[in-house]
Amino acid sequence: MKRCLGILGLSFLLVACGDDNASTNEESKGNVVATTGQIADAVKVISGDHLAVTTLMGPGVDPHLYKATQSDLTKLDNAEVIFYNGLHLEGQMQDIFNQMAEEKTVQAVAENLDKNKLLEDEEDATLHDPHVWFDIDLWKEVVDVIGDTLVEEYPNHKEEFEANEATYLAKLDELKEYTAGRIVEIPSNQRILVTAHDAFNYFGESHGFDVRGLQGLSTDSEYGVKDVQNMVDFLVENNIKAIFVESSVSDKAMKAVIEGAKEKGHDIVIGGELFSDAMGAEGTEEGTYLGMYKHNVDTIVDSLK
Amino acid sequence: MRALEALVVQNLSVAYDKKRVLENANLIVPKGHLAAIIGPNGAGKSTFLKAVLNQLPNKVGEVEILGKAFSPKSLVVGYVPQRNAVDWDFPTTAFDVVLMGRYGSRGLMKRPTKHDKQLAMQALTSVGMEDYADRSIGQLSGGQQQRVFLARALAQNAEVYFLDEPFAGVDAATEKTIIDILKNLKAQGKSIFVVHHDLQTVKEYFDYTILLNKTILAAGKTEEVFTAEKLQQTYGGNLFMMQAL
Amino acid sequence: MLSGNLLWVLMGTMLLGIAAGITGTFSFLQKQSLVGDAAAHAALPGIALAFLITGQKELPILMIGAALTSALSVYCIQWIVTYSKLKADAAIGLVLAVFFGIGIVLLTIVNRSPLGNQSGLNDFIFGKAATMTKADLTWLFISAAIIIIVSLLLYKEWKLMIFDPVYAKGIGLPIEALKACLTALIVMTIVTGIQAVGVILMSALLIIPAASAKLWTRRLSTMLIFSGITGGIAGLAGTFISSLRTGLSTGPIIVLFAATIFFISYLFSPKAGQLSKYIRKMKFRKQEKLS
């Protein structure tokens, strides 16, 4: 049903669907387009100043529901390389990627990871949880994939790119240690992370957290009164102090859950806002992968300890 | 002190989209008559009625009913309009319809009283429809419906009545019933104005006749006004009912 | 068990059902149900604009935006019918499509802005009854109360206005003001209802209870009561059913339940139902045979 609306909305926007052939790039920089902020961040870090990197889905944008517009298609058209997450994160854009793959390099950075390392979708065993960026080890592999692709595409920058990548991987290791260090501040029976949708399973797996989301893996999934009730019961039974809203998802549901818990005599607060599918504003600390991750960790630990 | 006339119209003109529909109509009708308003199609009869009842804000000229301009609060006028705008599917009974005649006097938002309901029932009985009080209005025949609408106007307990083509689509028996009621009203001293379409029955039903075709061409006692010459003036062309005269 | 979230949603949808049943009856009798559909769809751009202009996602602000565009659409339809050659059905279709289309485009813009997704505006398309809280209940309660009170006050005027507009005008009823009042009430119903069932399904709640009630009675007063009750029951039952399993959206189930009530009325209503018509026909035939 929501797809029909997507098509309706899309058709309004693609009304004058002419072939918008941009003139040949007079820019000397290579042109790369990434879907999510996290991917774009990795691309920028590795490529330094040498490439023009465009992010399709900015801060606060939900990739599960995102529908490409005419201007997005133009950006993708002009790109030399396209990076996307894959595993159905960008649920509404698969056809466009397939189409683009015929003309240029299109890399689904999470698709080719070892499936045994990925978490499955509880409801459909053939699908996997796409939120791999919350498992730092998996993300290091993704960074590797990005690095390899960029080196292949732009071989004259090979040394610099590889050096940047190595530095970045080291920083990711630091982040992992930082995270482990902070998490021990939370008593082990309080290590339960409750958020708006199931974006944090990898976080939970890699850092020893129990994770619960109101909605499923995609914000597209339907939830009803029973889901809200189940969540309220879970919070009350496990005596959870704080739950978290996400920057790219409506917080009305979380607020309803809190009120429901209060009604049962259990006081609970919103511990803070986490970055789930999107990162913070560009130019800020939270606009980078490292900053975003650290923000999440700090917010979670400070609320639950 | 001069007795109030039933209807006084002075220099009444109405225009729609720059087209003059009524032009300089003048009329004085004394009380206690059962008057027919006749004229060809498109002569402006319905417009005239609307103008008299103050429904047309763009009219020019003066209208007085019993010495006052029409206003539902200051004056009680019984009104039986044409039936083509009515929603027959509407869930309402014959009694309900007649009760609607009391809405004007009650004012907005007040509920009808026992007295209102009594008057409604009396009115319904006077048109012989008391047995149909609980029937759905849509289930009644054309003639029965028209009697109910007449009852609605009667429930208003007015001094002056205006009826717009009350005999359209109505059977002979109902027509007789209605005209008897109207004659009864006249006998009580009320004034009745009827936009009428059947020239055959004018002499039999009405003691006063008003000839209208974009203006008032003649008005007065039927025997004086309802003549071949005046009708020719009003209708123009050939009149096939010359024999009726 | 019956406390907290489930109770709030039950109460909220019940109040909504009652309000929609009452105002829906008047709009149904005016033969303007599809105008209600257009008005409901037209609420969408208003919500998006309210968010884009003020940056606030608080419910009252969104509701004001919704009310403005919803009311505007009704007047657009009237304007088109009066001043162009288009008839009502074309005017309604046109206004519905244009307003709703603009709404979708605006939502796309909202969804690309940093605070857009968190605002939850998308939930107004299909409704999200599951997240109703006490505050929402308060609004619904006030709206329902206003609707019931105004309907009681203006009952006989609206009745006459819809049944015989010429006579109503003739005895001096302020028709334009009365119509505007009814439109305002319908817009109010729409604006409070779309939180629960969304813009797309709202018109169903305005139409189905009224249509069902008409099959049972020939008095307006009874029809209003039946319609309100049907709407209320649909709200209660729909919410209850949707609370039995996870992943069930409340709005569509409410509408389905209302449709079931209509279907049952259509078949089994003693006055106008198909079954009783059939029985009467058979009885008649039997009588014919015997004589």
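Here the chain labels run A, B and C in written order, and each chain numbers its own residues starting at 1.
Methods note: a contact is a pair of C-beta atoms (placed from the backbone, for glycine too) under 8 Å apart; a residue touches a chain by one contact, two chains touch by 3 or more.
Bear in mind the structure is a predicted one, so any value in this text is a computation, not a measurement.
Novice: Just grab the chain with the largest centre-to-centre distance to chain A, centres being mean Cα coordinates.
Specialist: B
Novice: By number of C-beta pairs in contact, which two chains lead?
Specialist: A-C
Novice: Would you mind checking which chain's mean C-alpha position lies nearest the centre of all protein C-alpha atoms?
Specialist: That would be chain C.
Novice: Taking each chain's centre as the mean position of its Cα atoms, how many Å separate chain B from chain C?
Specialist: Those two chain centres are 40 Å apart.
Novice: Centre to centre, by mean C-alpha position, how many angstrom separate chain A and chain B?
Specialist: The answer is 77 Å.
Novice: Would you pick out the residues of chain B that each touch at least 2 other chains?
Specialist: Residues of chain B touching two or more partner chains: there are none.
Novice: Name, in rising order, each residue of chain C that touches chain B in their complex.
Specialist: 29, 31, 153-154, 156-157, 159-160, 162-167, 169-173, 214, 217-220, 222-223
Novice: Across the complex, what residues on chain C touch chain A?
Specialist: These residues of chain C touch chain A: 3-6, 9, 101, 104-105, 107-108, 111-120, 122-123, 125-126, 128-134, 239, 242-250.
Novice: Quick check on the complex: what are the chain A residues that touch chain C?
Specialist: These residues of chain A touch chain C: 1-2, 5, 8-9, 12-13, 58-62, 65-67, 69, 221-230, 232, 245-253, 255-257, 259-260, 263-264, 281.
Novice: Enumerate the contact residues on chain B facing chain C in the complex.
Specialist: Checking each residue of chain B against chain C gives 53, 55, 71-73, 79, 81-82, 85-87, 90-93, 96-97, 100, 103-104, 108-109, 111-112, 136, 149, 152, 156.
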